[in-house]
Each structure stands twice: as structure tokens, then as C-alpha cells.
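Below is one structure, written out as C-alpha cells; the observations come after it.
As written, the chain order gives the labels A, B, C and D, with residue 1 at the start of each chain.
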């Protein structure tokens, strides 16, 4: 199982704030996960398209496409941050 | 008449905090005034010697050796500042 | 070091007093307070709400403070960031840094703010006359953080 | 703009609140507080007294603030500098700057402090175990002010 979290504009656009899924068999990195999510189509395909500005954190650390994903991980997807 | 003010370490070394003097006949600039004061000898000669670190303000504006001095001016001589 | 994410307002004077109390080696406190403005990108702003990522946000702020402490000879730093609903003139964020001398305190304070703006997971949603909108990240904030990478 | 030279202590929180009150365009307040340390150049400091040049000091501070306002898009600035007898942990100086954005507020605040250190007529006399001594001006302060001249 992996936990997926969505924040801010992405949470609204995707209509979900969190979900738990089985790690897809062929998904081992962040880039694989976002590609897998895009296959859901609709807002997923649009919001997570290549070139769209979103960030991914794995276990609460900023990650990039090559970051490895494993069972039990908490993976968050969110827009560029705008605090301060 | 010109008013001379002395501050901080210079005030202590010279033993005077203010004085009023007639503008010496041949003194027209700050450099002339400090040369004239050095002629008093002793601490004056020592503290206002060329190369010593002191500052001069004319009418409450920072001045240099070429700043013109006139009747009624307030001229202050003090060490480099150390506030803040 | 203290990092706090909270809904409540903070008392700047009391926070800075607590930060420096008991350390007579402190010669400098640099601080920054960010406030809600009633205008952004030309539009009136009636209020905003701030969302964050509980857990990661605190961790990100702590890491930024640790990096500042590695980089400059400072004593301590405090970061308070509010979340929830805020209105114009409300305080959003406080960053305060104590040090022996001002140069380090100023630099570390600005560094923490610049990285907070680009690395800490907070998101602003503004209410404007045209409705609510998520605030877009600013390229100028990326540039501000990027300048600390220069040799 | 306000510039004050006073013996009394100041209330940082109240001063910053007064500075920003009534202006919802303010998004940033950068501030600096200088404190008396119990050590300087390796020697214990039991206390200090601060002398100034009444009239010129205020004028010099006002000019420094004016220059900062010409140079950066800031709203307002406040400078409070104490004189007389102070002991370790006492507040010496406050510089606070309000602006729409943090970059300008930080820069103007640091600029005002750097010029205050080199241009405003204040002099510190410290009490140490070896007796009282006038504090020497620091070359590093001249350098800090000098960097603002760079193109």
C-alpha cells in the first residue's frame, strides 16, 4: 500500500485529498507513478501532464521523477508552494 | 565668532566640550582650522595630527579639509562614530 | 530553534523577547513579519486562507533553519507561520534570528524567508471580487532563493 | 518617517504595530534590534554609555532614511537609538522598514543600519574589568556601508 496526498489547487482539481492504493506492479519511481495516474484520464491527465507545474514529496521530502517509491510510502502531489 | 564642539574620546583628551572663538584671520577651511588648533600644542597637536582618525562636521553636516568655514558656523570635531 | 505552524496570531514583541532572553552574547536580532495585503497583482483582496501539509511543513521549516545555522554563525532562529483564514493587515509569518553581529543575523533571516517561500508546503487562496483563486508561485521567489547558491 | 534619540527603552511590538497600522498595502516589515553584549573584543563588558551630538544625530539619521526611501520602494521607516547608560541585554537601536515586498524592506533596513554605524554621531564607552574605554570604530563597518556604493 502507498498513501497519496493532494493539496491546494490540485486537491480541488482532482477532487480527492487522499487515497491509499496498492503500488502498481511496474511503478518504482515518482515518474512512473505520475504516468500511471495520468492514465486515469480527465483531470488527472490534464493536471499531471508533462510540463505542468506540480511538485512531489516522498515521505515528506521533496522528490523528483527519479525518486524511488516503496511499500508504505507517503507520496504527496501539490502545486508550487506560495506561503510566506 | 565660530562655535567649536568636541565629542567622546576627543572631548576627554582635549579637556573641553565647547568653545567660542573669533575666526582666525587666515583660516577659511576646515584644514586651516585644524592646523590652527594644532598650534596650541600638547594634546591638540597630538590628537589632531595628520593621519589621526578624527571627523569634522560643519553646521551638523560631515565635512572634509576643503569645507569652507564662515562666521557663525558650528564646527564639531569627534572620533569616528561607533553607534548602532 | 523553534518552528511553529498555528492558526492563532502571534505577539511579535513577546516572541522576540523570549528568543533572546538569558543570552547576553546576543548583539543582533533581525526579524521579518509578512502581512496580508488588501491587493495582489492589481486585484482587491478581501481575505485569504492558507493551507499546509501537516508534518512536512514543520519538517521543511526545521531543515531550512538547520541549513541557515550551518551557514552562518547565528545563535538561534524562530519561525512562526499561520494557517487558516486571514484578512488584510493580519500577520502571516514571523522569522527572527539572533546572532552576535548584524551581518549574519540579516543574511540568515533573509535566507530563511527566501527558502520558506519556495520550499515549505503552504498554499494561499485569495478572495477577490472575481471569486476565490489559488495564488500562483512567483518566478521572483525562485530567483530570490537561487541567489544563495552562488559561490 | 520617524527618527528618535532617547534614553528610555522602547517596546518593539508596540513600535512595529504603530508603524504598520492603517496601511493594508504593507506586506513586509523587516526590523533589526541591536543589543548590548556582555563581551566585546574578548573582554567582559559590565555596561556602556552612549554619547551623541544632539541635533546632528537626528539630522544624520533622517538623511539616511531619506536616502533609503529614494533607493527602494518602501513605505516607511522607523529608527530609535538610545543614549546614556546601558547594561548587557539592553536594547540599543531599532530600525524597522515597511514595504509591499520583502526584498526592498530587508535591503533598506540593512542599508539604514550600515549607514547609521558609520555616519550617525554616536560614541560608545564600555566598562570593562580594566576600566572604561571608548570603543574603536571597526573597519568592517566601513566595508559594510561601502558595499552599497557598488553599481
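To be clear about the criterion, a contact is a pair of C-beta atoms (placed from the backbone, for glycine too) under 8 Å apart; a residue touches a chain by one contact, two chains touch by 3 or more.
From a predicted model like this one, the values you see are computed outputs, not experimental measurements.
Chemist: Would you mind checking which chain's C-alpha centre is most distant from the centre of chain C?
Modeler: In terms of C-alpha centroids, the chain at the greatest distance from chain C is B.
Chemist: Just curious, how far off is chain D from chain B if you go by their C-alpha centres, in Å?
Modeler: Whole-Å distance between the two chain centres: 26.
Chemist: Once you find the CA centre of chain A and the CA centre of chain D, what distance in Å lies between them?
Modeler: Taking the average C-alpha coordinate of chain A and of chain D, the gap between them is 48 Å.
Chemist: Where the CA atoms of chain A average out and where those of chain B average out, how many Å apart are those spots?
Modeler: 72
Chemist: Residues touching two or more other chains, restricted to chain C: which are they?
Modeler: Counting only residues that touch two or more other chains, chain C contributes 34, 102, 113.
Chemist: Would you give the residues of chain A that are in contact with at least 2 other chains, written as numbers and ranges?
Modeler: Expected reply: 84.
Chemist: Quick one: which chain pairs are touching?
Modeler: A-C, B-D, C-D
Chemist: Where on chain D does chain C make contact in their complex?
Modeler: It is residues 11-14, 16-17, 20, 24-39, 88-89, 100, 102-103, 105-106, 109-110, 113, 144 of chain D that touch chain C.
Chemist: Quick check on the complex: what are the chain A residues that touch chain C?
Modeler: 5, 7-9, 12, 53, 57, 60-62, 76, 78-84
Chemist: Using the touch rule from the top, collect the residues of chain C that touch chain A in their complex.
Modeler: Per the touch definition, chain C meets chain A at residues 34, 50-53, 55-56, 59-60, 81, 92-93, 113, 116-125, 134-138, 141.
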